[in-house]
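We call the chains A, B, C and D, going by the order they appear; numbering starts again at 1 in every chain.
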Amino acid sequence: MQGKIALEEHFAMEGTVHDSAGFAPAEDWVELKARLLDIHDRRLAEMDAHGIEMMLLSLNAPAVQALSDRNRAVDLSRRANDFLAEQVARRPDRFQGLAALPMQDPDAAARELDRCASALGFRGALVNGFSELAGTDHALYYDRKEFWPFWSEVERLGVPFYLHPRNPLAKDAAIYEGHRWLLGPTWAFGQETAVHALRLMGCGLFDAHPRLQIILGHMGEGLPYSMWRVDNHNKWMRTQNAYPARRKIADYFRENFYITTSGNFRTQALIDAMLEIGADRILFSTDWPFENIDHAADWFDTAAISEGDRLKIGRDNARALFGLGDA
Amino acid sequence: MQGKIALEEHFAMEGTVHDSAGFAPAEDWVELKARLLDIHDRRLAEMDAHGIEMMLLSLNAPAVQALSDRNRAVDLSRRANDFLAEQVARRPDRFQGLAALPMQDPDAAARELDRCASALGFRGALVNGFSELAGTDHALYYDRKEFWPFWSEVERLGVPFYLHPRNPLAKDAAIYEGHRWLLGPTWAFGQETAVHALRLMGCGLFDAHPRLQIILGHMGEGLPYSMWRVDNHNKWMRTQNAYPARRKIADYFRENFYITTSGNFRTQALIDAMLEIGADRILFSTDWPFENIDHAADWFDTAAISEGDRLKIGRDNARALFGLGDA
Amino acid sequence: MQGKIALEEHFAMEGTVHDSAGFAPAEDWVELKARLLDIHDRRLAEMDAHGIEMMLLSLNAPAVQALSDRNRAVDLSRRANDFLAEQVARRPDRFQGLAALPMQDPDAAARELDRCASALGFRGALVNGFSELAGTDHALYYDRKEFWPFWSEVERLGVPFYLHPRNPLAKDAAIYEGHRWLLGPTWAFGQETAVHALRLMGCGLFDAHPRLQIILGHMGEGLPYSMWRVDNHNKWMRTQNAYPARRKIADYFRENFYITTSGNFRTQALIDAMLEIGADRILFSTDWPFENIDHAADWFDTAAISEGDRLKIGRDNARALFGLGDA
Amino acid sequence: MQGKIALEEHFAMEGTVHDSAGFAPAEDWVELKARLLDIHDRRLAEMDAHGIEMMLLSLNAPAVQALSDRNRAVDLSRRANDFLAEQVARRPDRFQGLAALPMQDPDAAARELDRCASALGFRGALVNGFSELAGTDHALYYDRKEFWPFWSEVERLGVPFYLHPRNPLAKDAAIYEGHRWLLGPTWAFGQETAVHALRLMGCGLFDAHPRLQIILGHMGEGLPYSMWRVDNHNKWMRTQNAYPARRKIADYFRENFYITTSGNFRTQALIDAMLEIGADRILFSTDWPFENIDHAADWFDTAAISEGDRLKIGRDNARALFGLGDA
């Protein structure tokens, strides 16, 4: 399929690229690093070769979210977004931006998002999971009350928020001890991000801000398969899930969430997702440069779905969600 | 469908029933407790009413696994298994047994399994996830080397091992802080059990003991949807998952695992599971008394699958796996 | 689901009701006849009871299409449409009309459709397959050149055309000899209507009139399952299908056709149709009074699809296609 | 996948090859003819290249079935089967035989099948739809009473019977007039063969001979998608389908039929078939030389199904059905 739009697509700056070193074995790091630092050469050639018209770019992970110093987080966000804006300005027909945000400081994050959306023309934000913060021994998840004013601003700006994975803190990763291979995209990314998303759903955030739209990668981080059980286990009991939100979790999932195909090029999972959240809320993505664009595109272009859904998932849903027009 | 066999079906004794109290709100505890303590009345009536010919019974959770005192674990296992054997003896046409095992003491667990399989006629074992052990601050997962002689004995006996969920230790549950509703069947059960299963697959256990058969409940604890990504993320990198096992994780999943429908009565998930692990390795179960038998049976009897697969999943696969004959 | 719209829903007048007698065994004819002649009593009660907000009504089959006398066909169409307009006027919030058309006389059919759309406010037309015509020994299919001016008018009016089944002429039904049970909805309806639709696709009609929208009932009369083979058999040969149309048959199917669930309440088939033509082109219908409304609604309301797709198939697609607004 | 078995694979002799001329455009006839006449060269090379260990070979179509002279039909069958036996004898590790049968003479057909199964070691029969017979103006379908002794012999021999398509007689093809492109595999093959199969199911044959196993190609000739409607249309009526057989049509379909993937390399249809008839009754096939082996194998080897089902459909089901052992 020609004209695809992809939206979990990462770049790095010299100052952040080493955050990705842990995600490649030593023998592949040279290649991964080169891919991350490139925007206009190899990347564009891959896009051309595999029918991707546009990428929404975002900073690599965890980057900003791992800076426990608030000021450094604010500073890095600003620099990364300025850098990205420059790159986009060179090829606005092929690249658009998603903002990095210093969630350690919710007010600053809201201001930076406003600046990115208003002044830089960014289409939304991509945040790498929970944030670390000096003086706090635990991961900051964004269902906490101190983030609600931030969410209010996201809703006001009307831009989507991509909740991207990161690994758990070492202190919270006992279950993976002796099995580091389970960290990252193998498994831990999904658990981290799915639970973070569930916390957002259960906390009542979407009752207060029903127009918020959150994007999850990797075919929904496992949620479509398990969403029924979240709401329906032990159905005979009078109370099942005691959370502040007013509705079923699945209601929020299908009204406030989109999922992408990034890093999960599996037709069986795609079909299951279509039968749970529907083709209108699924978006093509690759997760470049961690995944190959040809792996994503060759799979998607021939996956066993209808051609109409292929157009929607491959392009039209993203156009509508990000207001990309027909350009 | 008549003649169904169900295999994640729990009972409690007076000494263990309170382990289940945390899984019901106060207003439903009386009912849950009564259901757990009953075997021959309400349970049989429900089975008769919904076409369940046989239940393989197992002790409630976490029971034995939560006893950090090795001797108490050994003692409780033995008492529970003796009690269960008496119940089965009253109606062997309707009930068969799965052994509780004191995994805190691998040798004792192996001996108890041998006793249950040989002397009591049990059909396999059901263990409630990791074990706690005095003097150890972490959860004991069964991929650890000290359990390999136990697994060797399981393979020798040729009986299936049901890996049942439990909640993480409090120290490992930070991600659920402020969101206790995510514990138990809502979400944490799945994460615990899926990772435990992945550890077994990755550690090489099934290379050494290829005939082992592990059963996972709840439509596979999320694994079918995410299994492709476990093996295929970042596919261009020369090494992806560095684990001791020799083969792809999915190879073990489809050769050494079965999954059941317990507590996950969702056709979309069932279809996805059928397209990942195949109907030959899916088994009907309800998770009584936490789930209602009518909820399970009414769903399963009309789910959108072929009648041939319904017979296999509902009965024939279990017959073959547990050697239940045509009785 | 509340608020459903159904669009293959039939009524009869005293003059046409006997056309349906062959579709019921004698013991059920009294009931079927009563259902066909009723509009405002039993029908509305059924709609209320099963969440159907609106029915688009159409005359029973074959009615007009079986009148080999052109003038009688014109006359019956007009009378039926006037009668239907009166019924709709009594409850425009619950009923809308689809025109009967005297296709034996393409000019008259075009004029009658114009009258129905413009003067009577009908939403489209429903025609019962091929027409018979005095002096012609064969079935008149609407790909024939004499119908193209009619199709031009349909496109100009911008209203959908429902191609409803009928049985083959006796002379063309040799394959069913000795097996009359295969006639009607069992099998022959599907073959007749699918081939008629394929003729329309292959003749080039949709190249000339790309905005035409044809509706097929009964989950697409078998076409979704076989559409790939229509275009892709013997793929190595340089020419496969020699027909006048310019594009692949599947291209027309997904751009010029909608399908409904009438009389085919099967989740497996619905899922297959969703993966071939997509949820945007599937519409809920029952085929009352030949099918029960509860059979259709109970199935559809719980079928294993996403809630978003349920809303689209159950109501929103029909609203958009027929311009029904939010009323 | 290595080790596949394919069973709708045709060859021709000089005397029958022209029967296939109508299925290729002139420019492809040289190639098709060469493919049909080859067995040990190009064919084996294709098999080697695409993981097909064994082909069950059958004569091209319609061949014997189109000979209205009984004696010629008997003679051609015998010659074709002798020729095939010689070819199989040269490479029994790679080829096995399916018998051509002179159904115009049911007794002779039974004797020839016995000879093929007993003396020639054939694994079953493949018959090209209805037979023509001098003095009869209609197609002979095999539900007719004169064929029941033949079916009794098929059951006694315990060999499968492949019901292969052919086109309708010209007198019965009015619906395709002006649209010859709809003949053959595009559409008419499916209608002919599906109705023939339905006649067998409805006539009561499988009540009398419950061990008969019929194979249909092309993913079941459309039947899986429409089977529910065959049995369930107009469900409220007290009698729906009046046929001699005692059970629902779907019961026979899933107990007396297998389907193959020949010429229908579509994942969506395969999944639907799996949800209707189950993976245990689906068999890989290509329909060589009308279809390319690479088209069939490349699709099947990566289709979105479980690896366990791939092994069954690709090989193990055929092994069990035809008694091919593990060779």
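In this section, a residue touches a chain if its C-beta (ideal position, glycine included) is under 8 Å from a C-beta of that chain, and two chains touch if they have at least 3 such contacts.
Just so you know, these numbers come straight off a predicted model, no measurement behind them.
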If a chain touches chain A and chain D alike, it appears here: B, C
Far-end chain from chain B, centres as C-alpha averages: C
Length of the line joining the C-alpha centres of chain A and chain B, rounded to whole Å: 34
Whole-Å gap between the CA centroids of chain A and chain C: 44
Multi-partner residues of chain C (at least 2 other chains): 266, 268, 271, 275-276, 304
Complex interface listing, chain C residues touching chain A: 250, 254, 271, 274-281, 304-309
List of chain C residues in touch with chain B within their complex: 266-268, 271, 303-304
Interfacial residue positions of chain A with respect to chain B in the complex: 23-25, 27-28, 32, 138-139, 143-144, 168, 171-172, 174-182, 184-187, 190-192, 194-195, 198-199, 202-203, 218-219, 222, 224-226, 228-230, 232-243, 263-266, 268-269, 271-272, 275-276, 290-292, 295
